[in-house]
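One chain, chain A, links the two complexes that follow: it is found with chain B in the first and with chain C in the second.
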Partner chain A sequence: MAENFQAITTRREEAQGFIERMVSRGLGWARKYSLFQYPFVTACCGMEYMSMAGARYDIARFGAEFPRFSPRQADLLMVVGTVNLKQAPILKRVYEQMAEPKWVIAFGVCASSGGFYDNYAVLQGIDKIIPVDVYIPGCPPRPEQVLDGLILLQEKIQAQSHKLIDRHPPEPELVRPAGRDLVSGVNK
Partner chain B sequence: MPVQRDFEGASGADSALEARLPTKTMSLNMGPSHPASHGTVRFNIELDGENIVKLDPEIGFLHRGFEKSCENVSWTQCLPYTDRLNYVSAMCNNFGFLSAVEKLAGIEIPERAKFIRTLAAELHRVCDHLTCCGAMALELGGFAPFLYAIEARELLWDRVAELTGARLTTSYGRIGGVDRDLPEGWEKKVRDTLEKVQEFRAEMDALLTHNRIFLDRTRGTGVMSAEDAVDYGFTGPMLRASGVDYDIRKAHPYWVYDQLDFKVPLGTTGDNYDRYYIRMMEMAESISMIEQCFDKMKPGPHIIDDWRYVLPPKPQVYSTIEGVIGHFKIVMEGIKIPKGECYAYTETPNGELGWYLVSDGSGRPYKVHCRAPGIQLVGGLEHMVKGSLLPDLIPTFDAINMIGGEVEQ
Partner chain C sequence: MSEFALQRIAERFPDAVVQGYSLHGDETLVIERAHLLEVARFCKDDPELDLKLPLSVTCVDFIDEKPRFELVYTLYSITKKHHLRLKVRVPEEDPVVASVISVWRGMDYWERYCWDMYGVRFEGRGPVKRLWMYEEFEGHPLRKDYPLRGRQPLIPEADVQDIYRGPGPGPGSPPASRPNPPRPSQLPVIK
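Take a look at the complex of A and B:
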């Protein structure tokens, strides 16, 4: 989980030169106004999502118009509606298929915390399985609230540190303790 | 992983010598997060070329424990859960549930409350049909009709918000009537709004009804005969598209539907085009029904005056001991519904919404079961698309208008 957070840390790294900072700002500006979203629509909030895509609220004004229904082409995952335990692995898989850098919005209380479905079937907030950048409350939230959440996310993206090439730390190698029998679990 | 299976006789040592084409069916997994399906459902489809051999819809991706949750809260607190069954037409569900509770308790609601319920339910019926027709157009490639539908729905939701305080999930009804009376000047606003909605509806009609692409995709696809529709338990527009004249509002009138003058549009062939067109016609009927309700309404109480079921008015609560006790009993213990069981049903935009309730006389429901209209429709999906092309599945599934919340309670 820790490596997921690395790309979306809100703190700017201390050692950032002037050129790096300029590049970061430029990339942040470009990225925040061209969010390609993947709407993971499950329930009631989807109706407000439709309204938001409609003419009156028009999310296109904020540069997040285009829904891509392939996670590989999206960089903003909008989790719209209740996620239950049967749906949860699918959501995680969709998130993992998205390329870095990526952001997540929890749309409505069900996605944020499970809402009033506090029972055996419902995942109590998607942050149990994937990291979330912005939580939008409401059951369902008004479109104005969603737009406000989107602007918050844009501010957050601008404040993040962006690099031309993101290098991830190498995967730690699995180290087997010497002299330990893995089958029996007994030290020799 | 898609599994490939051989047709019988296509493989094996003998047939290897005959120069037969290797015919295999392919398993295709569609959903549960698919752009062309509103409502989370997974289809396990077996394809022969591009024809559907077998289709197995798998539901449960929006199971939210509705029935169990209702058993843990008081009768009034069930209302928000009923809103979120069919969230496009929350008030139809809401009032349907309350009708069942009132049948169990033997309450007769005031005349004005009946009118308010009827007109509010019809308002939400228009919203539901707009969403269904708009989404159907969207998923067949037409974005403009969708925008018109959404704008019309926004106008209606503004009026709903003025009436109930919420755009979508309203919780407006109460046991014995409705929460509050119509706001001042609301009738005029609704009449103006309905005129605009008619314009948007006409615009959608012009864009879709005689559109060659739309006709090709919907006419003759997903056909269901009248006998099969009855056998599968279809209700609502899906049943009427097959030509069966059954609308609960006409057959077993409730609230004030017997005082209203309206027609029930019927289909002839039972294909997707009929289903779409019936919804367009029903919108016009609903709009005329709302106007009739306004014409016939008379001033009066909007909720019954019985402190066993309804919270006492605030001045009484603050100044009389009876008021305080009445308030306390309802808030702390919940409304006591007499022991017994009942089944009551209303016509929601997708069909018959039935409620089977059991009460043990305490403040909470013993059992709440909902007969949602959507589940039978999803059950009949395979019958409708078997043998047809894979693209025909999209308009057929859209015409069903499956709402996850009500199918997977």
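Take a look at the complex of A and C:
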């Protein structure tokens, strides 16, 4: 508690921080209940994914309703099953195509650590190539475990700081040739 | 069926057959490498044998023996309902066998498999592509002298040292930090 008062703040800054915190909390609440998933299903854990997405366990109750089969429309990447070295560049590319903000769940031991496939062909956990938020153990995990992992991720999203306008660092300005009329395209 | 096929092929190709035996109902012929293609063609075209369905080609790596590899061709006859197994020994220095896809087109898959996993080359066909591994892979992973964890990643990998462990019992971690929800019997009674 004491370290919070080391810096002297004016009332204006405190008020701005308060509003930012409220906005962040609201955005976190909105984002954690509308996770659009991209299922990257490669192996037998996919069966468990289906039962979890189906009516009995019904991940839609937690707001993770839609599997979107385009990474550009998704913000939760679920890596379900074994990822081998031949497929690792594809997974990396799918992750890079997703728009911010994005989160990753490693579903099952193969995605988390390679599982018992400690051999020449299998990637030893997807965290070797992409950052992972929640690891769900199990071979395959029970649907309850997956829902528990999803709730963990929701708590994590709620605890993160969100901004209404998340500014990226400014892009370098376009260098235009000096003696050129941009409208007509004719060099002067 | 039993030894009928063995007799028939041994009479027809006395030079080609090294050994023939029938064990547990499996008829097996060990044949010379040079005569593989004609024996295969005879197996398919002979009306008494009629082995028109090629099941698989696989390879065995006897790393300590002198002809190191052994190719195993498993054949089946749909009309006669019998199996036959052909074996060919291949030395390590010159791992080349005549391709049988001119006899059975479906052996293409299995010859690619043998090239990919064991490095046995096949002559008399087009270039053999790898079946399962990627083209950048060097070596043949099912050879006994290939290291078990000889991974050849295509993209750079991070060295992950330690990860945060979430709630839940585990080695060296306290029990679950989230409180259990009360059972229905523990809830206060509302009148």
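Convention: the second predicted complex is superposed on the first by the 152 of 188 C-alpha atoms of A that agree within 3 Å, B and C clash if a C-alpha of one lies under 4 Å from a C-alpha of the other, contacts with A are read in each partner's own complex, and residues count from 1 in each chain.
Operating definition for what follows: contacts are C-beta pairs under 8 Å (C-beta built on N, C-alpha and C of every residue); 3 or more make two chains touch, one makes a residue touch a chain.
Keep in mind that this is a model prediction, so the values were computed, not measured.
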More chain A residues in contact [chain B versus chain C]: B
Which of chain B and chain C A:Tyr120 touches, first, second, both or neither: both
Chain B versus chain C as contact partner of A:Val23, first or second or both or neither: neither
First, second, both or neither for A:Leu152, with chain B first and chain C second: second
First, second, both or neither for A:Lys86, with chain B first and chain C second: both
First, second, both or neither for A:Arg56, with chain B first and chain C second: first
Which of chain B and chain C A:Ile129 touches, first, second, both or neither: second
Common interface residues of chain A - those touching chain B in one complex and chain C in the other: 86, 119-122
Contacting residues of chain C [partner chain A, same complex]: 132-134, 141, 146-155, 157-160, 163, 166-167
Residues of chain B touching chain A in the complex: 32-35, 38, 40, 60-65, 68-69, 80, 84, 87-88, 131, 135, 146-147, 150-151, 153-154, 157, 167-169, 404-405
Footprint of chain B on chain A - complex, ascending: 40-44, 46-48, 50-51, 53-56, 67, 69, 81-82, 84, 86-87, 90, 94, 116-117, 119-122, 139-140, 142
Footprint of chain C on chain A - complex, ascending: 85-86, 88-89, 92, 118-125, 127-129, 134-135, 152
